[in-house]
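This structure is in structure tokens; I'll ask about it shortly.
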Amino acid sequence: DEPFVVGILGANYAIPAARAQYEGVAAGLKERGIEYKFLDAMIDINRQVSQIDQFVTEGVDALVINVAGDPNAVLAPLKRAEAAGIPVFGIGGTPGFDALLVQADIPSAEQGVRSGEYMCKVTGGKGEVAMIKTIELPTLSPRWDMFRETIQKQCPDLKIVAEERAIPDDSATARPIAENLLTRFPDLTAIWTSGDGPALGAGLAAKSAGRDIIVTGLNGEAFAQAGIKQGLINASWDMEPVKVGYDLSVWVADILQGKVEKPSQTVVFTPENVPEWTAETIDQWKPYEERIDFPGLQ
Amino acid sequence: MSAESLLPLITATGIRKTFGPTVALDNAQAVLYPGEIHALMGENGSGKSTLLTILAGAQPADTGKITLRGQELVGLTPAEARRLGIAVVSQEPQLSSALTVGENIFLGRLPTTAGRVSWREVHRRAAEILAELQLEIDPRAPVSSLSLGRRQMVEIAKALADRPQVLLLDEATSSLDEADTRTLFALLARLRAAGTAIAFVSHRMTEVMEHADRATVLRDGQYIGTRLLSQTDEHVLVSMMVGRDLKSYWHKAEVAQGEALLRMVRVSRGPLKSIDLTVNKGEIVGLAGLVGSGRSALLRTIAGVKRMEAGEMFVNRASVRIQSPRHARQLGIGYVPEDRKGEGLVMHWSLYRNAGLSRVAALRALAPVTERIDRAAYAKGTEGLKVRTSDPRQAVSELSGGNQQKVLIARELAISPELLLLDEPTRGVDVGAKEDIYAQISALVQGGMGLMIASSELQELIGVCDRILVLFQGQIVADIPAAEASEEALAYWASGAHLIGAA
Amino acid sequence: MMTAADISQTSSTTSLATILRRYAGVGAALVALILFLSVTQENFLKYNNIMNILRTNSVMFVAAVGLTFVIISQGLDLSVGSMTALGGVFLAELLTSGVGAWPAIALTILACTFLGAVVNGGLIAYGGFNFFVVTLAMMQLLRGAALVISNGVPASTFMWDPVQWVGDGVVAGLPVPVVLAVLIGILGYAVMRWTRFGRSVYAVGGNETAARLAGINVKQVRVAVYGISAACAGVSAIMLTGRLTSSQPVSAALGLELSAAAAVLLGGASFSGGAGNIGGTAIGVLFLSVLANGITLAGVPSYWQGIATGAVLIAAIALDRIRAK
Amino acid sequence: MMTAADISQTSSTTSLATILRRYAGVGAALVALILFLSVTQENFLKYNNIMNILRTNSVMFVAAVGLTFVIISQGLDLSVGSMTALGGVFLAELLTSGVGAWPAIALTILACTFLGAVVNGGLIAYGGFNFFVVTLAMMQLLRGAALVISNGVPASTFMWDPVQWVGDGVVAGLPVPVVLAVLIGILGYAVMRWTRFGRSVYAVGGNETAARLAGINVKQVRVAVYGISAACAGVSAIMLTGRLTSSQPVSAALGLELSAAAAVLLGGASFSGGAGNIGGTAIGVLFLSVLANGITLAGVPSYWQGIATGAVLIAAIALDRIRAK
């Protein structure tokens, strides 16, 4: 009989962390002999809506979706998929769509808490910290919300003096923002950023201003390695995207192949105890694409 | 006819108009009666166009009063003027080249039925007006497919479309050939009989003397006087315009002709069929013909704008295939195109820069260029041309039409070409300035330059050239020494009458 | 590029031959593309896929209709995408503050029209400002306004049926946004071709001085044209919000202005103004839409999509040039 | 907007007064902005802040210099941003495959120039294609190529000192990118103003037919102009890569083409061609840079920044209009 076909809907394959999730899913499915197709929305939610419809038209056996924007947008086509009897799995949530079987979340909350704890420790709980966030997305906001909460709870003397946003969240955008922060706050102790790209930009800004600033990133991307090795970034917490994707694929395969009952309520899981990357540990760091054999979706 | 017995239809009195430091009009006036053809005369830059545009509401006067049938008009706009029956033909045709002839004619007042533009009606009525002007133009053709002469006729048709009470023509005949000019004046005569007040600007003295009833002369923006033409002769008018008496317009230097400069053997391209001709050093060759006969096409081929398709061409005895205007210029060929605004000048550049363009273009890519080159080119090119400008750093768009033409000619004179091609070089140039231009040209020819002039003014060709070639439907049908040429003979060949005779 | 002769054909002489000649360039490319995809992609000709293409691109088409007016008048409106985003946010704001769905829809379109006509049109026509700088500034300003009003947070609108209906409903077996887009296209075509206003847009774009001397109120035409473009963006906003069941301040219609402008230009209009029409725009939008669909159907990796899109775009205008010769 | 009279001023009469008049519009807005920020923001006039402004915006300035040539010739190059991204990726690729840093830098600039001149310039000048569609297609194509070559992964270049030096080094107490940008600006200014080539760019933009008939090879000029724009994008690419110690295929120089074009237009060039100069472009870039810096220094919330930028841009061109009257 025909093998199962799973439609994977990516938000933006060009982002290494996102890609690692999709490749993780694909790698897991491949191990189980399940076929897959991949479509990339390139962060255009309108495009993703029509891609869902396209997979429904093609009659795939399951959908794995990483919503490329506001989840409300994909409600209607996901309902069409549900109506066509296609089970839906999520990398990240699909609020409003209750029929989601399994949801694999990135460890944003843990990243927020642990970066907060680290910041309290290395600053001695005193001084000024500035935050560089990015756009408000449900999957990302726990990073800065939990960081802020942790600081306020554990070391209230470390003052958060500014919260800026780098949109897009890369080093080119973050660097001038960091430069301005350094100018505005001559006594700045630390800069927290929501990603390793912005962290690299902030680290470069601090270096060229000749200031000794603690800079943290998130995700454990290639930038984290480069930045930590150059002494531009102090620490980063891994996002384990490959694990997120792989673990989800196990659920998909189990349900399709009838090894597990379809859950009646959405199962949510998140990787825990993610690695902390600092100058001491960075030698053990591996690029995402070496953590598992990427099948190569594109 | 005694115009004075009637009330004036439209008057403009005490008009003053300045552009920055330039005083274009100062206490100028024009008074038009119903049923007259009124010539508005003056040298280039004397303010004729400015006066007409003010009458048509296209720009406001600084001071002065305009009345129509005794009613004062305040804050006139173009739309208002049209509603009141005042139509104007601009010196430069104002058409949308992407739109059709018919739509251009009815621009701004397309006939509608039930709010919907009736294209059938547009084209029917446009065809009627075109027929009245004896034009065989498809009203559905886009304006971009028409030659400059045809465009000028469309511009006239546009003004006639709503049967105006007052018709203002600014050098409407400057790009027309004799036949079209005749048609136009016949039509104007009919309109006059119907009581229309017509004012026209022309630098062609014969036209004025033949067709106008009265003439108003402006000089330096000031009103000099109005004369009944039945009681005046052209010398009086010219001296009113120029402030002195001109004896002859044409300067013909006796030059010993040298060897052949340009030779074309059975050259064909597009509309041109098997052209054979020779231009010698020191010779002035005229090109006569009707609109569309191929005069411009011939000059464009020599100037390298369009490549020849068949035949041979020799410059200074060497066989050449001219590839591009740049190539032509490297061979020493200068070219003044007929459409000065579209193809000649960079309108927002200064006089200096425009005058220097051909010189600069001849340099190598990274050759240094400073204002000095432009100034030198301007000084050399305008020598003897008397360009009327407040400051040569002014944008050329601010000059009057005739003065723009002089700048364009100056640009080519500045590179001292061996062979100079002039396409309608005196279009819109006043009598005095024509004299200047031809005086300058005859001096250059004495230096051994060869010259080809395409012109619709037969008198001018006869007066200036050594030899006149007549084109008819892309072929040279006659080669007449100017000394033996007459307007009748040229018109005979140009109109193709010889074919009828042969049949 | 279309030649002027193409535009000037009258309805009485419009035959199949003329239509073919008129759009032969990109039209031919479109036909070739459709044939190619029909043969190579089994899913391409499926009813669902076709509706998917049309539904996805109605938004772009409506925006492109408005932009056609602007480009023909020799202008450009870079604020279309941001206007669409702001429209969505404004709509969501009205809905959540209790305004009824239909009045909210009407108000949104009105507000967009007002902004476009008064700010874009007013500054360009009466202020004599450069259209590129004005609409670029407005592109930033309106997107900023969308962010500020919404605080960057998407607002769900799926409880309001009329909005959903406009964006994702079905009428007589056809998607509502597609029907709407077709109606707007026909309306735009008729206005451009058969009304004095439409013709004055051509006149202003073709030769502004000639238009002014012919008594056309050039400034009013310019104001109207930017108003129309904004009104169309407003309609796009409703359609997009309905389709996505939410307003999207950050990412809605990002880059819409560029793709819509490309469609208009593919359809035969040119920046020198005075030429082009809605029929051409429809072909341009269809071409881009089918191209995008074909590329995903064929499973071209998303990385390669930019390359493929760029290359096919260039091929399409190349075809157009060959035809023109 | 500059008037034609401004351009035609001769060097011999260039006095402070003429310079002031020439740039008074946006120049005045710039001065006003600087005064305002000096008074309200204590950090604004600090040496470090000024260097930050200059360092951050060198990339945009270099791209804008190239774009000035294109816009003056009555064109537009929308592929500048993508070209910069591709240049960075190409550079990183060369470096990691073992090519020495200086040769890699030279090769990158050459490759960009080649692409710009041959594809953009060739299609536009010799193919007669619409510049907007061509460069829009190239914008997509080049970004796609950057993704494909790099597989979307940023590559670190910090081990190669020359690249770092170009992007973030210091020479004689000044940041290298700033020095480079100034040099390129001066070179561009001199070429535009004092060479036959520069003059022909103005002529082609002012009246293409007249330029051709006067003996200028219009096609060569167009090819050269798009080549120059791409070469500048290549230099920007090196500077940006050095500055960020890595290539950024996805997000590098996103939207650079629009902000650079806005700067050029602010500086007095216009899409009708034939007007503008590098001095104006410098003022335009400075204005946008100081504006962006001021907005963040003043702590304007990031969502408000779009609104502030848009509004001040409009105010700047309004000032310009007032002066022109």
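Points to keep in mind about this one:
In order of appearance the chains are A, B, C and D, and numbering begins at 1 in each one.
The rule we apply is simple: contacts are C-beta pairs under 8 Å (C-beta built on N, C-alpha and C of every residue); 3 or more make two chains touch, one makes a residue touch a chain.
As the structure is a computational prediction, the values presented were derived from the model and not from experiment.
Chains that touch both chain A and chain B: C, D. Inter-chain centre distance (chain C to chain D, centres taken as mean C-alpha positions): 29 Å. In terms of their C-alpha centroids, the spacing between chain A and chain D amounts to 34 Å. In terms of their C-alpha centroids, the spacing between chain B and chain C amounts to 44 Å. Listed for chain C are residues 151-152, 303-305, each touching two or more other chains. Multi-chain contact residues of chain A (touching two or more other chains) are listed as 13-14, 167. For chain B, the set of residues touching two or more other chains is empty.
Chain contacts here follow an irregular pattern that is not a line, a ring, a star or a complete set. Looking at which chains touch one another, you get A-C, A-D, B-C, B-D, C-D. Remark: chain C residues 3-5, 7-13, 193-196, 198-200, 202-203, 205-207, 209-217, 273-275 touch chain B in the complex.
Chain D meets chain A in the complex at residues 43, 46, 48-49, 52, 55-56, 147, 152-154, 156, 158, 168, 240, 243-246, 248-254, 292-293, 296-297, 299, 302-303. Residues of chain A that touch chain C in their complex: 10, 13-14, 37, 39-40, 42-47, 49-51, 53-54, 56-58, 69-70, 72-76, 96, 135-136, 167, 297-298. The touching residues of chain B, counted against chain D in their complex, run 303, 305, 324-326, 328-330, 335, 337, 342-350, 352-353, 357-358, 360-371, 375, 393-395, 397, 411.
Residues of chain C touching chain D in their complex: 1, 78, 123, 127-130, 132-134, 136-145, 147-148, 151-152, 258, 261-262, 265-266, 270-271, 303-311, 313-314, 317-318, 321.
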